[in-house]
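Alright, structures below, take your time with them.
Shared chain: subunit A. Partners: subunit B in the first complex, subunit C in the second.
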Partner chain A sequence: MKRRDFLKGALYGTGGTMIALGGFGTLTKLDPKKAAAAEQDALSTVFSTCEMCTSRCTVALKVKNGKVVKAEGHPNDTSTGGSICARGNAAPSLLYDPERIKKPMIRTGERGDGKFKEVSWDEAYSYITEKLKNVQKQYGGEALAVTSRVNPNDIFFRSLARAMGSPNMFSHEATCPMTRTVALEATFGNPYIGADYGNAKYIITNGRNFFEGIHVPMVKGVMKSISNGGKLVVLDPRFSVTAAKGEWVPIKGATDLAFIMAMANVMISENLYDKEFIAQYSVGFDKWVEAVKDKTPAWAEQETGIPKDKIVQITRDFAKAKPNCLLEYGWRTPWTGNDYQLRRAIMIVNMMMGNWEVPGGYFRKKGAALLKPYPELQQYAKSLGGGMVQPAFPKPVKGRIDGTGVKGTPGQVIPVPDGAVGQIPESILTGKPYPIKAWMVYRFNPVISMPESERVIEAIKKLDLMVTCDVYMTDAAYYSDVVLPECTYMERYDPMIDNTGLTPKFQIRQPAVSVVYPDTKPAWQIFKELGEKMGYGQYFPFKDMEEYLTKQLAAAGLTLAEMKEKGFWVPPGMKPFFMRGKDPKAPAPTATADQKIQIFSEELEEATKQGIPEYKHYPQPENGKFRFIQGKVAVHTNAGTHNVPVLNELMPTNTLWINSVSAGKLGIKEGDSIIISAGKYEHKGIAKVTEGIRPDSVFTYHGFGRISPKMTRAYGKGINDNKLIPNELGEIGNVVSSTTFVTVRKA
Partner chain B sequence: MAKHYAMAVVVAKCIGCQACTVACKFQNNVPEGQYRTKTPVVGPKGTFPNVSMYFLKEACQMCQDAPCVKVCPTKASHYNEAGVVLVDVDKCVGCKYCLTACPYDARFINKDTGAADKCTFCWEARVSQGQAPACVSTCVGGALVFGDEKDPNSEIAKLLSKNKGEVRKEEFGTRPSIYYIFQGVK
Partner chain C sequence: MVQETRGELYLSFAGIWQRPRREIADHLEEIIELWSEEIEIPPETVAVLSAFCQRYPAGEERLNALWAEYIPLFETGAVEAPPYASVYLDKGRQVLGAETRAVQAFYASTGYGMGNDKQELSDHLAVELEFLALLARDGEETSGETFRQKHLLPFLQAILPRIKGSRRPVYAQAAEILDNWQLKSYERG
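Up next is the complex of A and B:
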């Protein structure tokens, strides 16, 4: 019978069947008819902010009989139009997953053999305290490193490190958008720059995959642009869903900067750029003219593999749409060692189009400070306050292990809140510049999210203390000494979420239900209690999160009650504000000292001797080798959701995309078992033979091939990309994701 | 005039994100491993670098001349007052005639109820309450449009007056209420 055939087959061509492989029983078993009738009576709505990824969409959680039964988009949020993605919809599946960690645990066996005992919170706190005090005594407080995926509880997590006297606080960003942050800070003085996709008439994206790395308001924007007849050009070695919705230009990997510089070359030689804009709003353009004068389309054709006529045509058409055109600045951007210069060049070419502070262009996020100078906007200029006033922390004795903040070196431009997280395993293993002996991670899984998984594990094994705070027994947790179970976003308050864009926007995250597993806690509470146990209670001067939120909101003249009721706040009546929206000559200051756009960056000149982007040629794969690239898929978040039952059911595993001609030469057929070799490391996988990739590249979706057996659904399924990528620090401390070459053979 | 609820799938706007797939599961308590709707990929077709790809939402086509209703020996499969094809769980004996009869492979035996199951347009919980079906309401790409086809002022009627809506397997004469608009699809 072929009745079920449409349920089978490859979603995204993953090669995995879409029928469930793992067991779970999260859904209440009810007669559908009776269930529907009952739901109408007793359904209540709690407005909150999603955390299935970190795009922070507003959501409406539907609660019945004390259970979250469904998640929906917030009906009043025009940015999402009431939509949420598959991950957001899967919220109840995470909440009631029996594989969540339910109690604090301390390791009893060797690191990595998976033996833990359940302990009380007090035992866990006492254990961590004793170990950290020993590390502090023996090596100094700076021997503690903390890492988290950027989130609202960082202030509490990092207070533990600050109180210990450690400067070594890291976000995940060096593995993701940090090169973009550096470029935006150098060019505009801060990174709070958004793009108005919906009103753009021409969008070019280098690899940014809007329709698989989903950020709902941005998907809505790009889709609005296309639906209104806008052009979308996608430069990517792989045929992504985004590429399928536009014109696919299969560029050679690691050559994007050549394409961008050639665009500038054409714009200058053909007089296609906005000279008046450049003269009024920027400094240093002459140095850019010099830098791109030999970067002709013919030269770029050699680098990128894109015919020179194509480069010229795209540039001309793009310039015709100015200023309502966007050259996308990227999302996950650690491709090469000098990726920050690609991001810089992208923004410079954008500015040549004068697409600054106009609809369909780039804009500064409109917080209160930006609105105050405008009399008609002052009424909307509200900002959140602090939830607590902390006493001064001890000054760290030593500088950071990654050199962040050191003037006259690349560390000068590494964003202080982020740091170069790839340095942590290096410092653990080499003791340079000094040893890290304790590592605490929160919502961050270095074993999967950082390059060279085995080296990360090797480093963790050398530590005196490894602590993980998360909702699952992640791969990092599996190698930890202490595991602290956080409750999910549906069960807790967080500090206020500031999601300001073209208007201020504040969002609440609040519990829809009380904790499902009684021994899980909100992160703020975990870090506050741990801090108190360590004798650092003075750094956590608040009673609970309601009190904290009330203070934050009071500064904006808002109350917790109204925020809980409405879920989010935007200034009533305020329209999206562009500084040059009405008058193209209007002041549009940047956050730099001279308030101008820094085409030439004095700061980068001081830090890296490259005040203007310089092209660096990266080798292309030799015959028989492939460039190894990775990407996101719509139903999973980075390393976060692969064990969530419903999402795992949709996509339990990944494959290696390989061009049909290349596969044919190797005798590899669709679905074959293969070995991918990066030299030092090898990985088993399944081949997806496709026309949708360059013959010199192979691709896999990120976040699979999980190492922790305690996530039974995701364990061992698919390819862990980061097992194959070596840990290399880029020029400004980013990891390097796209310069690894691999060979592929039949298993 | 009686209403006729219909859905249009604007294929060019569907990004295959499966938000609809998951929303449906929770809205309708669909058991593990079973789906009332799903949106598989079609392609990539062609030869590198000239390739194309799109996604096609699959679900009950809400036929106005439905083979499942015809073959049902107990009248469990029926049209409701708004022309929506539904299954009365209490009348269904699980004989699977309808599963075989459906040209769209849209039906399955629900593991929990033992009855034939499929998309209901979220009739009871949403549409009869004036809300759009869960898939339509969550659609990230904005590809799904739902409403009364007979109301000339409805969004779907306007959309179908301007764009050609194709039905699946027209030759079966089932007169589906799901229209696929392929305009702009490469």
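Up next is the complex of A and C:
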């Protein structure tokens, strides 16, 4: 082509023909009527389900001129009282953030150089397909691992692994509440157990920090309890916001099980528990009596640092409130190697209070199957159907890398949908039990969410393929070969969200606006298209999400139009249902084979030889060292929101909380630059000197100190807790967050 | 400056600020030549661009070299100079602000709208320049000048210093040249 012919050709058409549009075709001639209609866009409301964290609050998105101008709580939802938290409010700031990923990208430089090119979706799919097929040929389909933050699109994401013959599907839960899940499954047969905070008269929480690890309906419940005169006791080495709302009991880290066992000891020796309840509804109590007989308050004082009289007083007062009292079962729970036994013991003490299926107690989530046997409730017993029928997947040739499902080993009790995600870097690095060669992560950022960030990066660098699907160039994306841009929840449908509690509750997630960045896509579409490219189209037998949702809803006799209009569905007229609400002797079966509460768990006995919780003493930090603990903050979600503009503005960085006396000994003052050392790894930080923490512990908020320079607001700001914590696997495959000791010095 | 040349210049800059693609990358020499002939630019600026073309001959390698500059500058993560007008001209540094809407309304008033594939936001620098190229071609001088004064120039005043200050040779030089043409010597041209 001759000089300037290219531009001339583009503008005027080549060969002398004038083309209608010209230029690069980005703009088009407009239908004048459509243009006028677009101009008159009034304020409208679109009901949906928030995804700024996983709590799934219903929301009302206010849309004006094709733009989400505000996110509010759903005015008709009594569980949230129509409110949402700061993160939920910040959704539009994420939606219109110029830092989001806008196109699929393929790495062009070395891993960690940050050099990428943008490609078409087809190129991205072809690239992934070729790499995965190579991995499959060389190492078998099981060499692919997939990990996501639990969400409604998992079914599509996991279908890719299943179709390839991989059993290695993981959620993030081993880094969060998995020990609680294991305890609930062992005790009640499934983990779908809720707590009725609002009607509780006494709440004790071991570290659960309602007012910073926010779940709006739960926060509302605890607030209702407090404002009705309920008592709140907070056992935590740190004075959290929740501690500020109740009585703070600064327990030594990693000793909570001692406190709980001592409570049981007092309840038994002082006859404070509900004997009739235990006899009617549970099995194995005698073994618990035996297990706690020497766990006296005096013994627990030595372990926990809490005076024995305090333990006795709390226990007596708590028991007085039975059955409307809650010993909180925890949220982010992987504190120690045997944390699942702490969660078990917590639930056993709860059951000693008979707080099962009564207001102010624990309850099974009331799905259709539970309601059906009750004639007066049958009318409410609706359940969602599947959106598609998939053919059978090939049977994996090998077992999972983490031993999940293997009878007679701890793997027997690891929840199959979750697995032990901490095993992935180990398998990549050691090749045991066999190597993982490809890792796909969706809305999961192993570099920040899993312990030992540098080891995770080292593992990623050894992979044949790393794929990240997310909204930002996260730390994991930064080290990936392919990055797939998902659109935000405000721009897409997802499969139906079942948020059943004391009544069935179904919620929709629907687009409020069309995609802001035109080449981003909903996850279901990404995985469906990738599956089709890989030759697995048969596992994605649906046209689009509207069709999928219509099928899901039809099973419950509901329509998509109705859901779109209302946002959520609860059975009209149904009151919260507790099986023992009217009659304390009424049947209240669990989901176990004998329908009883398993105080002694045969399953755990078989899997871990600990059918009844046993106390394990964990060392306390010696002089000069500190227990390193971490937690959530109200304006951020785990590792997810630190780069969202307004949330970053609210809290751009974290500090290290250190007790004023301990800091004084080290010559550290408020605001000083410090070095935190965990031996192998060190981290810089800023000191927050406070009386609000035990002298033997230091604390930091999780999710900061980001490694990806492409998250400019969060990059390098603050302390990445997981840089300092070693990747240790607990007894049932959980990560271990609270047994690391550190030293602190001035920088 | 004749209307045809103005159209070509606008389109050349539109091509440069678009996401890198072979069609544009392979014609970089032609674009540089056009700029050298039509805009007053110091020889060292041209030299940097020519050196780039020599180092990366037309083809895949050149395209990847452009991506290496484009992504951190405009696209993902660090985003040294977000290419959307509303990020600069509205409160809140977000996309799809009032300016986006104003620009869209302007396009509509001249009978244009975003293409059906909607591959870009309407206030992307490349789109605004492409729009001006089309107006120049259509002979819509008054509309072109109004859009330029009201929308393009405030945007350029905000974004060009950032691109010039970046360490991305191709785009920094292109910004220098666009600055020379639009902000410094347009009247003379």
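As a convention for this text, the second predicted complex is superposed on the first by the 706 of 747 C-alpha atoms of A that agree within 3 Å, B and C clash if a C-alpha of one lies under 4 Å from a C-alpha of the other, contacts with A are read in each partner's own complex, and residues count from 1 in each chain.
In the analysis below, a contact is a pair of C-beta atoms (placed from the backbone, for glycine too) under 8 Å apart; a residue touches a chain by one contact, two chains touch by 3 or more.
Just so it is clear, the model here is predicted, and its values are computed rather than measured.
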Partner chain(s) touched by A:117 [first = subunit B, second = subunit C, both, neither]: second
Partner chain in contact with A:572 - subunit B first, subunit C second, else both or neither: neither
Touched partner set for A:96, first subunit B, second subunit C, both or neither: second
Touching partner for A:660 - first (subunit B), second (subunit C), both, neither: first
Which of subunit B and subunit C A:693 touches, first, second, both or neither: first
Partner chain in contact with A:245 - subunit B first, subunit C second, else both or neither: first
Partner with the higher number of touched subunit A residues, subunit C or subunit B: B
Set of subunit A residues, in rising order, touched by both subunit B and subunit C: 1, 3-4, 6-7, 10-12, 23-25, 27-30, 32, 35, 39, 645
Complex contact set, residues of subunit A against subunit C: 1, 3-4, 6-8, 10-12, 21-30, 32, 34-35, 38-39, 65, 67, 93, 96-103, 105, 108-109, 114-118, 472-473, 478, 514, 516-519, 645, 708-712
Contact footprint of subunit A on subunit B as seen in their complex: 12-13, 15-19, 21-23, 25-33, 35, 38, 40-41, 43-49, 51-54, 58, 88-90, 99-100, 102, 104-105, 107-108, 110, 112-113, 117, 124-125, 129, 134, 137-142, 186
Complex contact set, residues of subunit C against subunit A: 4, 7-8, 11-12, 14-15, 18-20, 23, 27, 30-31, 33-34, 63-64, 67-68, 71-72, 75-79, 82, 84, 87, 92-97, 101, 104-105, 107-108, 111-121, 126-127, 130-131, 133-134, 137
Touching residues on subunit A, where the partner in the complex is subunit B: 1-7, 9-13, 18-20, 23-25, 27-33, 35-37, 39-40, 69-73, 81-86, 88-90, 92, 211-212, 214, 216, 219-220, 223, 226-227, 239, 241, 244-245, 248, 250, 634-635, 645-647, 649-650, 659-661, 690-695
